[in-house]
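Let me begin by handing over the structure; questions about it come next.
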Amino acid sequence: MSNDHTRKLVTIITEAALEHSLLRDFKRLGAKGHTITEARGSGHRGVRSAGWESNSNIRIEVICNEAVAQAITQHLQDQYYANYAMVVYSSDVSVLRPDKF
Amino acid sequence: MSNDHTRKLVTIITEAALEHSLLRDFKRLGAKGHTITEARGSGHRGVRSAGWESNSNIRIEVICNEAVAQAITQHLQDQYYANYAMVVYSSDVSVLRPDKF
Amino acid sequence: MSNDHTRKLVTIITEAALEHSLLRDFKRLGAKGHTITEARGSGHRGVRSAGWESNSNIRIEVICNEAVAQAITQHLQDQYYANYAMVVYSSDVSVLRPDKF
Amino acid sequence: MAVIDPIILFFLLGLAASAMRSELRLPAAVYDFVSILLLLAIGLKGGVELARQPFGSLLPQMLAVVLMGSMLPLVAFPVLRLIGRMNRADAASIAAHYGSVSVGTYAVAVSWFDARQIDFEAHMPLLLTLLEVPAILVGIVLARGLSRETRWSDVAHEVFLGKGIVLLLGGLLIGWIAGEDGLVSIKPLFIDLFKGFLAIFLLEMGLIAAAQLGTLRRHGVFLLLFGIGMPLFSSVVGAALGWGLGLSVGGTAMLAVLAASASYIAVPAAMRISVPDANPTLSLTASLGITFPFNILLGIPIYYALAQQLHAWLGS
Amino acid sequence: MAVIDPIILFFLLGLAASAMRSELRLPAAVYDFVSILLLLAIGLKGGVELARQPFGSLLPQMLAVVLMGSMLPLVAFPVLRLIGRMNRADAASIAAHYGSVSVGTYAVAVSWFDARQIDFEAHMPLLLTLLEVPAILVGIVLARGLSRETRWSDVAHEVFLGKGIVLLLGGLLIGWIAGEDGLVSIKPLFIDLFKGFLAIFLLEMGLIAAAQLGTLRRHGVFLLLFGIGMPLFSSVVGAALGWGLGLSVGGTAMLAVLAASASYIAVPAAMRISVPDANPTLSLTASLGITFPFNILLGIPIYYALAQQLHAWLGS
Amino acid sequence: MAVIDPIILFFLLGLAASAMRSELRLPAAVYDFVSILLLLAIGLKGGVELARQPFGSLLPQMLAVVLMGSMLPLVAFPVLRLIGRMNRADAASIAAHYGSVSVGTYAVAVSWFDARQIDFEAHMPLLLTLLEVPAILVGIVLARGLSRETRWSDVAHEVFLGKGIVLLLGGLLIGWIAGEDGLVSIKPLFIDLFKGFLAIFLLEMGLIAAAQLGTLRRHGVFLLLFGIGMPLFSSVVGAALGWGLGLSVGGTAMLAVLAASASYIAVPAAMRISVPDANPTLSLTASLGITFPFNILLGIPIYYALAQQLHAWLGS
């Protein structure tokens, strides 16, 4: 599984209000791209039902190499995790054209 | 890979009409949260193109420990799989703050 | 992990305009179903912010066996990767009712 | 008077676009928006009229239509079981669809009556709302018996608090409290634009109905015959009841329309939860793919002619 | 004159539906669409009026309301800290919400005034727009001090380029440039449908407000008292200022409404970015769950009576 | 007569908001809803007029504009290849965009003409619909040659069954069948609100157009010159043809507008499928980022002046 086509897929589920800041941070940390889908859900900070702006979640996916993934998760833990509704998880994925990431 | 930051990510793709019941069930089975995105697709029960209510899918993600994941998949298999358009899959993910799940 | 409940989950993030062609191709290559969510993002081909049709992404998931997954990724690489905004990744997932896929 | 109502042309456009596999699709949010406006508008109109008449005088009519809504599934069920050879769940579910009503069909009928300046009792939206519910309960009992396992509180929640009932009933109450004068300020959205939004709604319904037709081939000729025969039968029941209740010709025809219409929103949702082993494709093919188009294209004039005949024969 | 404005009934319908856990939900796109239309419409109306008067004569009023918007959080903050025993971030954030304004409350007040044919100074939308901003800046300083770490350029971006300000200000400019005649062609959408869209908006606000109430139980009685007491206090400040600025009775009452209203769009978004350690549930429960319903159900008539009294006592 | 049409101000508001990186964004569903309404409305209006005249008399005009739509890309292509030094696919794709038409530009022109009470032949929507298609086919042939590999059935599907054509054509047919009287009931939505929805549409177009401008820097000055020069040239062709066909001054100007406008919906979608190696950023920057703003801000009055001159010189 761990050949040279393997990259990290980091998924972040968090408040829609953070989109702007997070994307800026990810770029700075070395991510070459991202994908966003609209989401809703619930967790420790209650129900976020996406009925209106302040209450919407986004689900961000970033495919990147191990080092960038490490930097991103660390940054999220330091800067955002304490104050925002946020869940972060990562896994290994096998990608086409690994040089892209 | 299987260190103590590993949790199960269970993904369920099914009919939007089930949202209410499933979330109630998951809570009862020990899930601490969930994330939903709107989806459409096709499978054994035909095309579900999300043009209107009865024909929409949702994609639910639940991050949880192995036992809860087991309970959820078993419950889905017993109670819903026979009668509803439904796909369930799970995988290991590495999470931040594993105590959250 | 690699027991007989394991299947491949192939995820494709690409231009919404390709939906029709891709679904036809996947069917021909042996996929038994698919799930689509609306997405936006950025990558090598710039920002795709989903404000209007030509600028929207879709995120397609296909669960299938190894051979079909191989065929799909190969086909995408040959036919689409050069000319379209597209990211493809795959991973192993454990499914309920593996005979479905 | 136009030979064909233009809103029907929007339905045909949707049918044609879908049949030719056009890329045309309305976003789900647009469909939701338009149906919310239509439900509220129908409720508001009805509520304004309710304010004008003593509520007590309506009670007999209300009881009678609830009874009708409970009986129609009992007629449909044996037909589906014995002639259609369907299993119990499917037969019960389809029967429930045909005992309940379709708000879209009602809206098209209102437009058709308006264009011909045919009056009808203005509290029809109240009867429409009442008719949504009883068939669902009867359908569940037909499928399950009076089983202890049925979670009746869930069923009640699903039935009475679904989007359709809440908006119709909410509209009725608001119209009733505010009265005609109170609603002047919101009339431009809910009344003046009603037919325009109905046109958009029917465009989408055309797209959806055509998509159901694909499954028709698989389910054969019985479904087609039932989808046309059942509304014709129900319309006779509805018209007879209307006459019996002393309604005007227009009101009689409208009650025939309600009886003939088959639900495609409230009932499918409720059945999916309460009778999960019923195949939703069967009931939606029948109600959406056959009965809805039949009713709005051919049924409404037939039911009106029927009401006229009845009143001519039996006196008003 | 109706005892109760029908648009308020839509709010109550939303509250009731949510309280009964109905499935009713408006798609986010519909909420966005309706609020975009309302913001533009309010701006357009205000802009048309601005074109009619020399801009210079408004400057004193503009400065005065900016000052008011900056002072109100300074009053709220110690109350929240000392009596409410809140931490610094929470107190600062809530104070900012109450120094700023709610466009929804303003729209309901406009509708209430219109129904009673009460005139008010037509440049109110300009004051509304101005009032959105200063409380946010004061709130951030209250939470952080004049810390070097605050990224003021980010804050400015968030505050001045949020959806609300851009649409209000854009509408003001368009109305100002085009003038009444220029807007005739778009009047049917933005003016004639205003109250209808406001009704839909309030339906959704009812659904949202009820959802906030769930959290109220946890935060106890102080929040409830503050959510009612603070607007009452602010309305007195607003009314006094209105009288001082020589506004008409209607204008005085409208400034009282603006002062009494609490933000639930611009401020929450800005606080989330700039004062992340403030708990957004607290401030939204107060502003959306308590103050908004209080203002539109009871507050507006109170503030109008207050303005009348003031003018009666002190002379116009 | 206003110096500047207010709907243009909405476009400028969108441009400005996007340029200042505001958070303002319209949900995709709103954009879809508004464009569906505009397409249907344009079709309906045109259809009503078609019903009034013998169809045969229009055939020569229909053929002529189809010919024009096929020739314009043949002019643009060598310019793009030789002066712009573009590769074959890019040149062919851009050429197709400029041979086809923009419904948004047409709608703005209609609004501009209405405000000045300038009459034009009412079957223009028919010509608009016809003009969408031929340039796409020519563009594909320019890119691929008459290659066997082109899946022409896919192309035809994409071209004739795209959202734009289906709604325009559907509207035309409905208007034609129902006639003016038949459409009275849906007029409030499709006709009275037309300009209001056009304003919302242009707000979104401003946001989108500004986003394209970011890429302009990279593609240099040629694209800018082409995006202004080509519509100026095409407008002369269109105006000459209009005069030749015996159209009124208004009709001549409108044909010039159609010729000058560049597609940004139907053609991009078709090119993406049929000429995938063409860079969509290039063509969209040109058509959306340059030509669309140029046409609605400056072009329309120029083309009208041109049509007047032509009729003055050559006689009507």
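First chain written, first letter: the chains are A, B, C, D, E and F, and each begins at residue 1.
Everything that follows uses one rule, which is that a contact is a pair of C-beta atoms (placed from the backbone, for glycine too) under 8 Å apart; a residue touches a chain by one contact, two chains touch by 3 or more.
All of these numbers come straight from a predicted model, not from anything done at the bench.
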item: Given chain B and chain C, the chains that contact each of them; value: A
item: Any chain that touches chain C and chain A; value: B
item: Chain whose average C-alpha position is farthest from chain B's own; value: F
item: Between chain F and chain E, distance of the C-alpha-averaged centres to the nearest whole Å; value: 41
item: Rounded Å distance, chain A centre to chain D centre (Cα mean); value: 46
item: Shared-contact residues (touching 2 or more other chains) in chain F; value: 23, 25-29, 33, 188, 193
item: Shared interface positions of chain A, touching two or more other chains; value: 37-38, 91-92
item: Chain-to-chain touches, reported pairwise for every pair that qualifies; value: A-B, A-C, A-E, B-C, B-D, C-F, D-E, D-F, E-F
item: Footprint of chain E on chain F - complex, ascending; value: 2, 4-7, 9-10, 13, 16-17, 20-30, 33, 111, 114-115, 188, 192-193, 195-197, 199-200
item: Residues on chain A engaged by chain E in the complex (per definition of touch); value: 15, 17-18, 21, 45-47, 49-56, 80, 82-84
item: Chain B-touching residues of chain D, taken from the complex the two chains share; value: 25-26, 28, 31, 154, 204, 207-208, 211, 215, 264-265, 268-269, 272-273, 276-277, 280-281, 284
item: For the chain F and chain D complex, residues of the former touching the latter; value: 27-29, 32-33, 36-37, 157-158, 161-163, 166-167, 170, 173-174, 177-179, 181-183, 185-190, 193
item: Footprint of chain A on chain C - complex, ascending; value: 11, 13, 37-44, 57, 59, 73, 76-77, 81, 87-92
